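Structures are listed in the sections that come next.
Two complexes are shown next, each including chain A; its partner changes from chain B in the first to chain C in the second.
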Partner chain A sequence: MFKRFFYSEKNEQLVLKEMRTHLELLEQACRCFVDFLKGGDKRFLEEIVEIEREGDIVRRNILSTLYKGAFLPYLRPNIYRFVEIIDETLDLLKDKARLCEFISIPPILLDDTLQIAVLNTEMVRMLIIAFDTFVAGDDLRERVLAVRIYEKRIDDLYHDLFLRITKVSVEDFWQGRGLGDFFSLLVKLSDLVEDAGDVLSLLHLSLS
Partner chain B sequence: MAKEWLLSSGILMGWSLGANDSANVFGTGVASGLVGYRTAIFVAAVFVLLGSIIEGEKCMGSLGALTALSHSEAFFAMLSSGLTMTIFTLLALPASTSQAIVGALMGIAVYHGNPDFSALGKFLTCWVLTPIGGIICSVALYKPLKTLVMKGIRSPIARNRVFLVGILITGSYGAYSLGSNNVANVTGVYVTSGLISPFWGLLIGGVSIAAGVLTYSRKTMMTVGKSIVPLDPFSGLLAVFSESLVLHVFTQVGIPVSSSQAIVGGVLGVGIARDIRTVNFRVMGKIFCGWIITPVISGSLAWIAVFMENAFKGGRIMEWLNFLWYRFPTSGVETYLFVPPLVMFIASSITATGGISGAFLLLPFQVSVLKYTSPGASATNFIYNIVAIPGGVYRYIRDGKFSWTLFLSLMIGTLPGVFFGYWMRIVYLPDPKRFKFFVGCVLLYLGLRTIWSAIGEFRTAGGRPKQVKGRITKENFGLRSAVVFENQTYVFSSLGVMIVALFVGVIGGAYGIGGGALMAPYLISVLELPVYIVSGAALCSTWVTSILGAIIYAIGPLSGPSTQTSPDWLLGALFGLGGFLGTYFGAWLQKYLPSSWIKTALGIVIVYIAIRYVWPMISGLIS
Partner chain C sequence: MKVWEFMTRKIEWIDADSSVYEAIERMVNKRIRSLAVCYSDSKKQKGVITARDVVFRVLGEGKDPMRTKIREIAKVPMICIPKDKDMKDVLDIMREANVARVFVCDGDDIVGVVALMDVMYASLIERVRG
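Now for the complex of A and B:
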């Protein structure tokens, strides 16, 4: 009857550990994408798909541990939300990888695309640092602010990129649509990571 | 009145207090899922009992300072407080048990002409200070505790644990304080009146509060808890802690106060500490109104109760009411004209909330209270049914839920049965001792069935059957009859129904009931007919059987002045009038009362009456 109150904090520790793993998988997938853009090796795309599958397993582990009673019920909705956002980001990376198997990025857009992908990776790294700060119980406002700054920079870059996209000629409708979807996904990733940073702030506030 | 019965109003009050106020200590934890319901009620019950026994005595004497009470006045004080709390609960107004009891005691003091307003001043000050104390505690503790938790405990896992264990500790402390402070509200007046010793007062009070926590606190915990839950865990914890602290402080002062107002103060204090704009001043206004209205109503009720008691005791009321004294010529019963309708109004109001006909309790009343034991009593029972039932039958016919085929099958079986019952009553059961044994057997069956039905409701969490709007569209009468209801065909053996109805008719004919209530379980459980079809037909069959039963008793071949079989039409009509109004009132009241608990209580009372009727015959056989 009372074991929840007086026994170990195993469930809570497991949830935090798995959340960290989830974030690391996201960073790893982002790096694979950067490597693909640098070298064009499609094996990296396959790796992203694999990472996304691993991410699904981690997500399920977290949800089942929360269901077993980890953390206050008051905190669980935000933890669920955080995990779902990271999972959605991994899904988005997988979709992007699948798209890249069918489209070719025009050379005049490659540099900017690479720059956005690198910034996305750095943004995820910053999110991991923010998460570590949260776990340590320190103030994470500056970390979350850094995540937002990354997002702003990516938005600015995308704005320039968009102007140039309109001047690129495409072979057929499907090539054009694929390219449009690819760039939408590229920039949506940073929005999702920013959302994850906000939810982390909410979690921190919930405990204060 | 026996000593044990005088305690009943206090025990009921304690039970209600436990069921309601435990929400103030564990509502947050249970509604948010932090603490399991079973864990919460177990911990709360244990700590309430501990609080009552260890520190409850500190508040016991304070109520005695308001007025000296006789044993029966103590009972009326608790009854008036209980009634006031029920009225306020039905009207969804905030009320405090402590204020109701103090109001009742002052009402009695005013009646005696010796109210001590200086002692009342102490209570009034404490009532005002209760929510204010909650506010002060929360405001004072908010920042220091917040700093302690935020700076001292940084890791989210550790904070999570602090809140988790904190809710259990503050809840336990709250339950302890509730028991120590509020036990005086339950048995304080009995102790000061000398009815029971302080030890028994603490024990009975503590156990009755704990019983309320254990048996009926889930609903209030969820309702009250959900209104506090939007607070973050720290604020919720602090509000409960402030409430517990305030209750404990007032225990040391020796004044029982309201736990609900203490928690409201605690929550308001948290709001003020964070931002004064979050405070709802309307809630404060309601509490203020409660300080005045609760004691005034409770005091008035207590005044009326004691006035009536003394008026009856001195015989003055009886003198005034002498013009209503009447001797019913047929039965020879002598009583006030308002007694038969009043008794059946009360009895039917209660039995209708539990879904039972008042006719079952009418016969014991005639036999044991009015001493009307001749066969005419059974016939008078029939008259009650004739007057009380038509409204219900009309409703079933209007709603298209009346099955003619089932009604016919019941009638064909019941009518000869009633005649046999009449014969049995006159030939074999004219002797009151034998007749009482027969009545006891019928009541025993009914009582056990009522308890069984209540157990069923407890198992299904008291869920009420949903209202079905369908109508009977087609019927076919034969050896195997068919009824089409809500596009579903129900087939039953008419012959089988007639045979069972014949036996039921014999019992009903002798007892003075139509037998519908005895038939219904067979039709629903064995033939698996829907309750919507059965109720209308059974009720109408009871009505028609009662008419014919009354006629048979009046002019049957065995009837005559020597056998005293003729029904007392006026007495029966007066009973029926009360029953008719009581059934409607009970049906309305049913929405507000837990039917499973009423059924349990009714079942126990019926079984008790049955045993009293059956036992003399059995003990005679044994000896």
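Now for the complex of A and C:
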């Protein structure tokens, strides 16, 4: 069944290839953010913005191929949803990068911020592994569980981090707001990736 | 997978001369099951106190937690593993020492802790990574 839907038609192959590219772009953007946190080089932030633009192109390609009739109609909504979630995650990374241009992360929070960013990247890698498993038509329950494990760890880390954020003094309202927004975006990424994993499971179920 | 990749960096410390009651209070407030113990008289010495120790060696024996000091029941030395060791080594230590958490060290410093659940999570991720 999987082979029929995923390998026989040119349009289906194209969509799957572009979805993989979309995920790779997300991983690349996450790695850029980790590199920025490690060294403070703002060129990585510009690269994230570029990657997001590239992601938009990929997203449009996928949608137009779906419009041309790739996949059976009942599968399209969840494929579309998956693509939208990945796109939203890339948008979120871009917003985070923009915020980092004018806020400075307090040194006492930097270590935990970096750890969350690294876990986010690992989580995206796990989603790619899950996606490959899905395309191969194998059972992806274990992969999706691994994605959820990462999400839980990030949540736990954020809980501790949040208690310390409240004790950080800021220069003015906008610095405080920027910092608050930044940390919200930092953890929202893992929620979105977890959602993408769940949609992948749904797609897998639809085909079995 | 290396230990540092999956350890919890947050460690709660308590002084060996504090009362067991203070340890109970800290465990309840922080929702944790163990505390790292530091000794003011010996900076190198480190120990650990777990909920199990509190239950079996203080409350279960009818001792007053207010009057019992942590140093009386803390386990020393603390069981540690270097941060660049493999997760599989943690499992071996847990099995041999019959403990549910192992502290992670970087030289003389304690930098993290790995609990049984962390080992389970790490094993699953390792399996998926292939």
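Heads up, the rule we're going with is that the second predicted complex is superposed on the first by the 200 of 208 C-alpha atoms of A that agree within 3 Å, B and C clash if a C-alpha of one lies under 4 Å from a C-alpha of the other, contacts with A are read in each partner's own complex, and residues count from 1 in each chain.
FYI, a residue touches a chain if its C-beta (ideal position, glycine included) is under 8 Å from a C-beta of that chain, and two chains touch if they have at least 3 such contacts.
Keep in mind it's a predicted model, so treat the numbers as computed, not measured.
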Which of chain B and chain C A:Ser208 touches, first, second, both or neither: first
With the two complexes superposed on chain A, say which partner A:Arg153 touches: chain B (first), chain C (second), both, or neither. second
Does the superposition put A:Glu101 against chain B (first), chain C (second), both, or neither? neither
Of the partners chain B and chain C, which touch A:Met126 in the superposed model: first, second, both, neither? second
First (chain B), second (chain C), both or neither: which does A:Arg143 touch? second
First, second, both or neither for A:Gln115, with chain B first and chain C second: second
With both structures fitted on chain A, tell me whether chain B or chain C touches more of chain A's residues. B
Contacting residues of chain A [partner chain C, same complex]: 111-112, 115, 126, 129, 142-143, 145-146, 149-150, 153, 156, 160
Please name which positions on chain B make contact with chain A in the complex. 32-34, 36, 38-39, 42, 150, 153-161, 163-165, 168, 232-234
Within the complex, which stretch of chain C touches chain A? 8-10, 121, 124-125, 127-129
The answer for chain A against chain B in the complex is residues 1-2, 4-6, 9, 12-13, 16, 71-75, 134-138, 203-204, 206-208
